[in-house]
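The structure's right below; bear with me while I get my questions together.
Chain naming follows the written order as A, B, C, D, E and F, and within any one chain the residues start at number 1.
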Amino acid sequence: MRPNDRKADQVRPIKITRNYTAYAEGSVLVEFGNTKVLCNATVEENVPRWLKGQGKGWVTAEYGMLPRSTHSRMRREAANGKQGGRTMEIQRLIARSLRAVVDLEVMGEIMVTVDCDVIQADGGTRTASISGASVAMADAFQHLIDNGKLKKNPMKGHVAAVSVGLLGQDVLCDLEYVEDSAADTDMNVVMTEDGRMIEVQGTAEGEPFSHEELLSLLESAKKGITEIVAAQKAALEN
Amino acid sequence: MRPNDRKADQVRPIKITRNYTAYAEGSVLVEFGNTKVLCNATVEENVPRWLKGQGKGWVTAEYGMLPRSTHSRMRREAANGKQGGRTMEIQRLIARSLRAVVDLEVMGEIMVTVDCDVIQADGGTRTASISGASVAMADAFQHLIDNGKLKKNPMKGHVAAVSVGLLGQDVLCDLEYVEDSAADTDMNVVMTEDGRMIEVQGTAEGEPFSHEELLSLLESAKKGITEIVAAQKAALEN
Amino acid sequence: MRPNDRKADQVRPIKITRNYTAYAEGSVLVEFGNTKVLCNATVEENVPRWLKGQGKGWVTAEYGMLPRSTHSRMRREAANGKQGGRTMEIQRLIARSLRAVVDLEVMGEIMVTVDCDVIQADGGTRTASISGASVAMADAFQHLIDNGKLKKNPMKGHVAAVSVGLLGQDVLCDLEYVEDSAADTDMNVVMTEDGRMIEVQGTAEGEPFSHEELLSLLESAKKGITEIVAAQKAALEN
Amino acid sequence: MRPNDRKADQVRPIKITRNYTAYAEGSVLVEFGNTKVLCNATVEENVPRWLKGQGKGWVTAEYGMLPRSTHSRMRREAANGKQGGRTMEIQRLIARSLRAVVDLEVMGEIMVTVDCDVIQADGGTRTASISGASVAMADAFQHLIDNGKLKKNPMKGHVAAVSVGLLGQDVLCDLEYVEDSAADTDMNVVMTEDGRMIEVQGTAEGEPFSHEELLSLLESAKKGITEIVAAQKAALEN
Amino acid sequence: MRPNDRKADQVRPIKITRNYTAYAEGSVLVEFGNTKVLCNATVEENVPRWLKGQGKGWVTAEYGMLPRSTHSRMRREAANGKQGGRTMEIQRLIARSLRAVVDLEVMGEIMVTVDCDVIQADGGTRTASISGASVAMADAFQHLIDNGKLKKNPMKGHVAAVSVGLLGQDVLCDLEYVEDSAADTDMNVVMTEDGRMIEVQGTAEGEPFSHEELLSLLESAKKGITEIVAAQKAALEN
Amino acid sequence: MRPNDRKADQVRPIKITRNYTAYAEGSVLVEFGNTKVLCNATVEENVPRWLKGQGKGWVTAEYGMLPRSTHSRMRREAANGKQGGRTMEIQRLIARSLRAVVDLEVMGEIMVTVDCDVIQADGGTRTASISGASVAMADAFQHLIDNGKLKKNPMKGHVAAVSVGLLGQDVLCDLEYVEDSAADTDMNVVMTEDGRMIEVQGTAEGEPFSHEELLSLLESAKKGITEIVAAQKAALEN
């Protein structure tokens, strides 16, 4: 039995709060159960040097965890003097996922940076980050349209992500921390709203997994992402 | 006239939310108007190496700003590979202020670290941090008492802080960002609840200030801190 | 048509040279066409601090590229003062892949570090690294058995990896650099010799990919990995 | 009784040696008793990038301690790979203090950097640095006038600083190291030559301090600074 | 008696393999017995900023050791976050040695960087690096001539280097690791092909050395370098 | 003609001031003409970890230049976040030179660190550092003997150093900055007081140098060092 009587294929309660802070062009607090991530999208009217003069935009992301977002305190990366490998992996993943649903040519020479800062971590922070960042980015583009800086919305659709895992024989959707720690296989799936895949990252922590298990994991992820996309759309309609 | 029709000696609306996150032994979101800081106190049952074996405790603090807590995005310090001078100055100030109201001998060999992370910045983040951290630390000590780890509360009283400034001829209390940028002199005052001083840091940004001006600033600070201490006590009584 | 008239599902010529350098307990030069990686396995009779006293071993990996392993010179990471995000991602992947085929309890308190240094890069350096590192690790364990340090071989089987990709409608196996740059989707697959999966990392660089495309990619990867495992076994029999 | 029979309000013997080194545009060795700081002012005919094209100058400062300026050897910051928080705090304070007496518009696009390097430390290194740097900066501006680079002197007057402290009931002026370590409250005061304040930084190390104690500390500081300004003027008249 | 019955003045078997990797403009694997260094010369058509617009070229070098090039594994400098002092010393020496035989004016605004990466280390890696880098640089210049980028070869001749040492009474040429560790004095000599000196670096590890001993060491070095230059010329004639 | 009518083989006026600062166990200001270096020797009663328990001592050195010791200001290495290659080269040279005249077994488990900080630089800072550090170290050992911490002096004699150079046809001793910049060959020679060599580092900046030129340089160095040793002895007799 899962915590809070969740069913195997059930995602945690999702809450998406827009305009969470006052200054960012898009600001979203996304909650998947106890996992809470603040996603702030910043618009800047210049692009990285290597892209200048090509008439194209860029989307990037940064990720961080507050030191006490976790059960025991983690060292602050700024005090360590560098971002860890896990942080870099995650922020590269978020950025790739966002770019996959954006037409960079339509953007023109504009850069959007989405900062995903984990306020509270109970598993699935990278997938919550992607799901929240998609909404924050949508608000940032709408801001540009409202201000006459963009004529057409460069977003081709939503992007959402979920983690799924194998715990013994069970395929579980949207793992929370205790499940994630115990899982044999953990898979992060990033999809567009039409159900196609942007990223699939499956890792066997214990035993390797079979082709059939992979198919079950993907099926569970697809179902979960459908619910997340619905929550994204509902949030944007408010 | 100040924004929102504030009077010269009036502090902004203060809101102190305890148990803001789930895992820290003390977790406080403190708001002074639009300035919002999350103060998480962590208890660890060991002390820094240089203090081991002396039977005394330690209180320290770290400070950070989320990249988009400000009007335009700041670079993430973890990505820069170091904490800036301003960050270090502030976290040293917070830690000294907290230690001034704690009996380290009563603590025993326990360490409390308070992380002050700025969610939204509209001036006065260091003084809000101190004022919120005092409450978070109080909750952390209560947690230790409730769990039988401490017999006596090592806190000797509350500590609170406010910024005051000279804008032309006016002495203003609890500066918000637009005031802070325009002020000729800016002073941060940290006091105990009985009105004695822990830190006084006054800086002339424009013209040097006179002895009389200093006295007016201190008087304004004292009045403001009285209100902040009242808010701290009210929060802890809930 | 692929370079050198390769078929879509054909891996490049594989060459595995054991004992390539003189001092490492396992030293393998692995070549996939023009991609050449030196994999040196080092045995140390102590484990990281967090593992001490548990009677278990550890396997880790580091990855680097010589500055001129690529078409244009890359800056040396040691001169940059840090390892990039891509490097950290890859070395974490290699290490997880190797640990998936090792029984850490059988190892006892021994650490194996495999350094994968790319001499020449023509695509697929991470998958070549995993495939070569598996052989270098096997030699290191044999060295420990020959010297009476281990009674039983802790390796549960070989691990091998290949990259597959979608280029237009075509599913290509073992991408070389020009193909990798042009591919819409790129997937790295790590498998055990019995065909189960350790890691699957698929990324859409252009259009998202469908479920059917994913299945085709996995099928191609499995066929390629069968050939790589055969080459690993042949190399170890010499 | 203070060391060397000093009276409570007496500053240590002050010695200001100009032209201490040969190449800097202003070079001053300042001695307050056993505290010795070398203050070298460098003139450069360009300003930081963020100031370019505004027709204004800039004054900045750096601070360092020789490893064996202290009783026991401190680690060299260059070997540590970063400047500590205390160093950054101090050099920011020196720079702000100097800028408070300079008309940046009169300077034109010129930058003055004052390096304050502590040769021997016996308390009060930051206040000695400010007091010496003021003279070094005056020499640098004179150098610019003598060379026809400046028509008008941009310095509006001298700036000097002293530390004062509470030791039990006593208010002591110009603390030396043993006094500083024992003091309950330590206050650094930076003033212009006309007695107005630029910075006031008071810190309770032990008990918080009262309003009356603050007033006594300020009075003592003002008396001390009068003597330091006299020494600055005498040095410049030689 | 030396290992492998070498005579005191005999250099180890030298092997110089050109075009060792595929992309560098000059790529040489140089072997002195068990010491193996890969020297890759890169041509870039721009020069460091401080040299721009002067019509002159530049030659620089970087040096690194693979972690397991040595008997026990060294930490990777990229993981350490900095290059060690020994590395910096060596790469500066290689670069100076190469520049000594190049007419930078003839080069024009072109930069050649030679990366010397030690695959296997058995003493004399810096002198092997210089000797191999000279050949790699020659190939890079020939590449520029063949492509019409240079009309005249800027190399004035070969540069080669050898280490010599005093072991008790014996003067040994081309020390291998066990000899180097035991030597009282170790000297690295860099010469042009006409026998003049570019660098002489002699260090007494044990007893200081006399003038006569210095002369014997230089004589032995000169003889060794003659053989190395012959090997360089033979390699370039193939 | 050399500046100040110096003869080719004449060293600059040497001044050695002992007890220059108050806290170091040995503190020497050494001046060679306008070159001024402060050499502070620190005694610590423990040794680096890798030497513990062997009953032997250690001597090490650090080197730094004050930012405005030179004609134009250099960036502070602490602000840069690392020591440059030249700094590391020099401090390793100083340390090796000092250890060459110390019997580490006689020292027992004691460490001496000599900090050489350049106050003013006019060429020859590394050789002045060695020459001054030898005297500071002698004072530190005498301090240990006076305090009963050592029974026997571990110093086997003095060590001194000088730079010599070829300027056109002339062999010049003790180069000052303008000569050093113009020299074709620059050689640093470190000798014991009995005239044997510890280090010889000759570098051709322009044309390679011949065997005869090397001999002339060494002869000039030997004469200069004789004078420096005499100055060291005179200083220690005061």
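Please note the rule applied: a contact is a pair of C-beta atoms (placed from the backbone, for glycine too) under 8 Å apart; a residue touches a chain by one contact, two chains touch by 3 or more.
Remember, predicted model here, so these are calculated numbers, not experimental data.
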Quiz item: How many links in the shortest chain of touching chains run from chain B to chain C?
Solution: 2
Exercise. Find the chain most remote from chain A, comparing centres computed as mean CA coordinates.
Key: F
Quiz prompt | Euclidean distance of C-alpha centroids - chain A vs chain B, Å | solution = 33
Self-check item: Inter-chain centre distance, chain A versus chain F - centres from mean C-alpha coordinates, in Å
Solution: 59
Quiz item: Where the centres are mean C-alpha positions, what is the separation of chain B from chain F, in Å?
Solution: 51
Quiz prompt | Residues of chain E engaged with two or more neighbouring chains | solution = 81-82
Quiz item: Can you name the chains in ring order, beginning at chain E and moving first to chain F?
Solution: E, F, D, B, A, C
Practice problem: Can you check the complex and tell me which residues of chain D touch chain F? | Solution: 21-24, 27, 34, 36, 38, 40, 42, 44, 62, 64, 66-73, 76-83, 87, 113, 115, 117, 119-120
Exercise. Enumerate the contact residues on chain F facing chain E in the complex.
Key: 82, 84-85, 88-89, 91-92, 96, 100, 187, 191-192, 194, 196-204, 207-211, 214, 218
